[in-house]
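Two complexes follow with subunit A in common, the first pairing it with subunit B and the second with subunit C.
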Partner chain A sequence: MSTPTHTESTFAVLLRDPEKAVQACLSGVGRRELARTALASFFVGTLLFGGVVGCFRGELQLLFAALKMPLLLLGAVVTTVPAIWALGATEERAWPMRSAASLMLVAAGRAALVLAALAPLLWLAMDLIGGYHLSSFLAACALGIAGLAALSVVLRGMRGMPSGTLALAGLVFGLSLLHSGWVLRPWLVRPGSPEIVFMRTERGVGALGSLVMSATRGAGDPLGYESEGAR
Partner chain B sequence: MTLGLIAIAYIALGIVFAFLAWRRKEPALDVLFVLLAWPIYASMLSPKEAPEDVAFREAEAVREALVQVADAARGSTFATLFDQRAEDRVRLELERTTERVRAIDLELARSTKTIAPSRASTRLRAIRDRDLHAMRELVQLLAALRGEILIARHEGSSAEGTSALVSEVWARVVGLGEAQSRDGSFALEASIEESASPPI
Partner chain C sequence: MEVALPLVTRIPTIEPTPESPPQHSASEESSDVHLMEVSPLVAALHQTKELRGAMMRTSAGLLASLPFAMSAASRGGAHWSDLLQAVLSVPVGLALVAMVGVSASTIGVSFFAANVSPSEAIDMASRGVLRTGLILLGMAPVTLLSVLSASRLDGLLVASFVWAAAGMVGTAAISRKLVHVGRNHDGTFSLGAIGVASAFTLFAWVFGARLWFPIASIFAQTGGLP
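Showing the complex of A and B:
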């Protein structure tokens, strides 16, 4: 005998039923409750993950990274919402700003839940293996996995739109995430760095140049032993 | 402009929006979220409803009701009432109707630039309202069918009692499809007539 259907909590919808969550964003039915739950999940998940990232150095960096991680993702989401709304509005369909905003909130909320789930694994890996480059690589991988969870929500919401629109939306999000991440560095703090700061202010080679340099160094020294003393 | 100034401006605007939300007696959590994430959260509290995708919402209600009927019938003799093919047919008609209502909404939004409503826009609105009404009726019928199925399952009776409701549901679904083919040419005609008539 079948069991009668029951009303799911908004958290269960956010966690288990992305299709239903997207429908709520687009139709407006239960959208506000879902957005509230998604934002709460977003803050909890990103604070937790940021704290774990900051554990690499410990001390004050734990607090700094925990505070900066929500800022990082919030910055990227805030930049992307108007872009997604504008891109979607070029299609002839009902696409109010609040649909785009709630869709991004739900995507960010799901990504944060994935980050919260991966945080203990990252913590364990950093504790067992250690190493600056490997830890930063694993943290980036966790962010990438969470990004995929978010992407699946956004793609569902923008279903039917041309692939070029979706690619542009992804590009805006990726670039703003990269830029926010670069502006808000340091995240792990290199082992030999003498001081812990909330944000670095000196000019460097830029986000992309730094990525190339870090990848080159990391390939030769994955555990980061030679990074001791480097900034 | 430095990052510090941007942060101060963000927080200042957040305080203003949070104060407005607090004055509107929004829940404390919403006020906090507006303060922290006003660029994306403030629109959720907006008192003025933006034009929504009404057709999608109505179609969604039908789909939800359809899932509930299928859930109630699953694993019983009633399961044959709505097999996969039948569900696919209903979904297809819903999609067509949704698209048509959206197209009419778009046309009506364009035609609001003229001062007086034309005969064509009045007729378009009538088609739209009839489609929405048909979807709402379908939701009610499906809810009634689900109730009948649950009662019949618990009483152990046959599917006969529900057959009238199933026929009625099918009549509505077929009606949506027929309306589509009958009004499709008219909607196009009305649209042409609308665009051909000079603005008043």
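Showing the complex of A and C:
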């Protein structure tokens, strides 16, 4: 039987058996319970990870980052679901939008569980090393690892489609995550910044350009002492 | 988009012949076959035959491209007539590529002894429009997010990428079909049909790039790039 059994909890399916979770999303059997569990895991995991990211600066940023982290992933999920659905429909897979939505939700739930598991490690690393660029790099790595866990679920759901379509789906998710993160910045708050704000409102700077600039600056000064005046 | 009927079928593809998707109960399921819920509307779009199906697919594809066009042109500051031109250029361009490109290509492959009926050509064009429209519809949210989030250059890059990706999916479907119908009598691929398919792809890409100008100019009008 391809759907979750009564003896196995939906949380266990979400955590340990992505294949069964994917089948539940596509067939609709047990989908509602699984989506509910994935949503709960999603909020708990992202709140925890967001709180740890906000610990870099502390004070009010802890609360802000914890509140914004679920919004970041939710924004990426909401913008990726229609793309995943359309890519499937283009390959003559007549799945309804709710199948694509539950698939993405399960993927995000698993990613959030991975983030929750990585949060203590990130916390320790930030406490021991403490530099701005290195901390943001480590946080990005944790998000990348969680993204891989999510991607494995999505790819299982889109099995049978051409590799170009799968690459396109991954690219759309990456772009959505990047731009959602950019809209909701700041996350760590630079040590030199005088005040903590919920969202930065200045325009004219792009996510892609800033990413390149930040990576170049971070490579030269990983701890961020010189560029951020945090000595 | 979908109608909520709890149908299930095999993945990954729809069976091509029947008018309605096949149904399998859970007890019929074998270990290597997964069940999948089916959206009757999407299934009908792909499966309905003849002229009615082609009209449905073309209309759906053209309508589906509008949210993307509106998302790409949503950067503020341009005159309303420029915005209207940018929004309309996407479905009009799609329709033109399908009508002119596929008609010319059908005539082209006919020179290589391929037996392509007008209804087949219409079906081919409508499937290309539907695929492109669906991709544009699905990518409209990420385009809107990118256009509204920060810099003009980012928005333009993402919108251009989506336009190119959708064009690639649509032209690939039509080109594959052209090569398929233009096969030699012994079943091998005809060099002429491959040439016609390549010419169609080139035409669609160049024409698509030209059609992109009104939308690109919206980004330029809002203060210069980036």
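Here is the rule we go by: the second predicted complex is superposed on the first by the 219 of 231 C-alpha atoms of A that agree within 3 Å, B and C clash if a C-alpha of one lies under 4 Å from a C-alpha of the other, contacts with A are read in each partner's own complex, and residues count from 1 in each chain.
We adopt the following convention: contacts are C-beta pairs under 8 Å (C-beta built on N, C-alpha and C of every residue); 3 or more make two chains touch, one makes a residue touch a chain.
It should be emphasised that the depicted structure is a prediction, and the values quoted were computed from it without experimental measurement.
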item: First (subunit B), second (subunit C), both or neither touched by A:L14; value: neither
item: Partner chain(s) touched by A:L26 [first = subunit B, second = subunit C, both, neither]; value: both
item: Contacts of A:V183 with subunit B and subunit C, given as first, second, both or neither; value: both
item: Contacts of A:R159 with subunit B and subunit C, given as first, second, both or neither; value: second
item: Subunit B versus subunit C as contact partner of A:T90, first or second or both or neither; value: second
item: First, second, both or neither for A:V78, with subunit B first and subunit C second; value: both
item: Partner touching more residues of subunit A, whether subunit B or subunit C; value: C
item: Subunit B versus subunit C as contact partner of A:L48, first or second or both or neither; value: neither
item: First (subunit B), second (subunit C), both or neither touched by A:R36; value: first
item: Subunit B and subunit C contact sites that coincide on subunit A, given as residue numbers; value: 1-3, 23, 26-29, 78, 92-94, 96-98, 183
item: Residue ranges of subunit A touching subunit C (in the complex, touch as defined); value: 1-3, 23, 26-29, 75, 78-80, 82-87, 89-99, 159-161, 168, 172, 175-176, 179-180, 182-183, 203-209
item: For the subunit B and subunit A complex, residues of the former touching the latter; value: 3, 29-30, 33, 36-37, 39-41, 43-46, 50-53, 56-57, 60, 67-68, 71-76, 102, 105-106, 150, 153
item: Footprint of subunit A on subunit C - complex, ascending; value: 1-2, 4, 6, 8-9, 11-14, 21, 26, 29, 34-40, 42-43, 46, 131, 134-135, 137-142, 145-146, 149-151, 153-154, 157-158, 165, 169, 226
item: Residue ranges of subunit A touching subunit B (in the complex, touch as defined); value: 1-5, 23, 26-29, 31-32, 35-36, 39-40, 43, 74, 77-78, 81, 92-94, 96-98, 101-102, 104-105, 183, 199
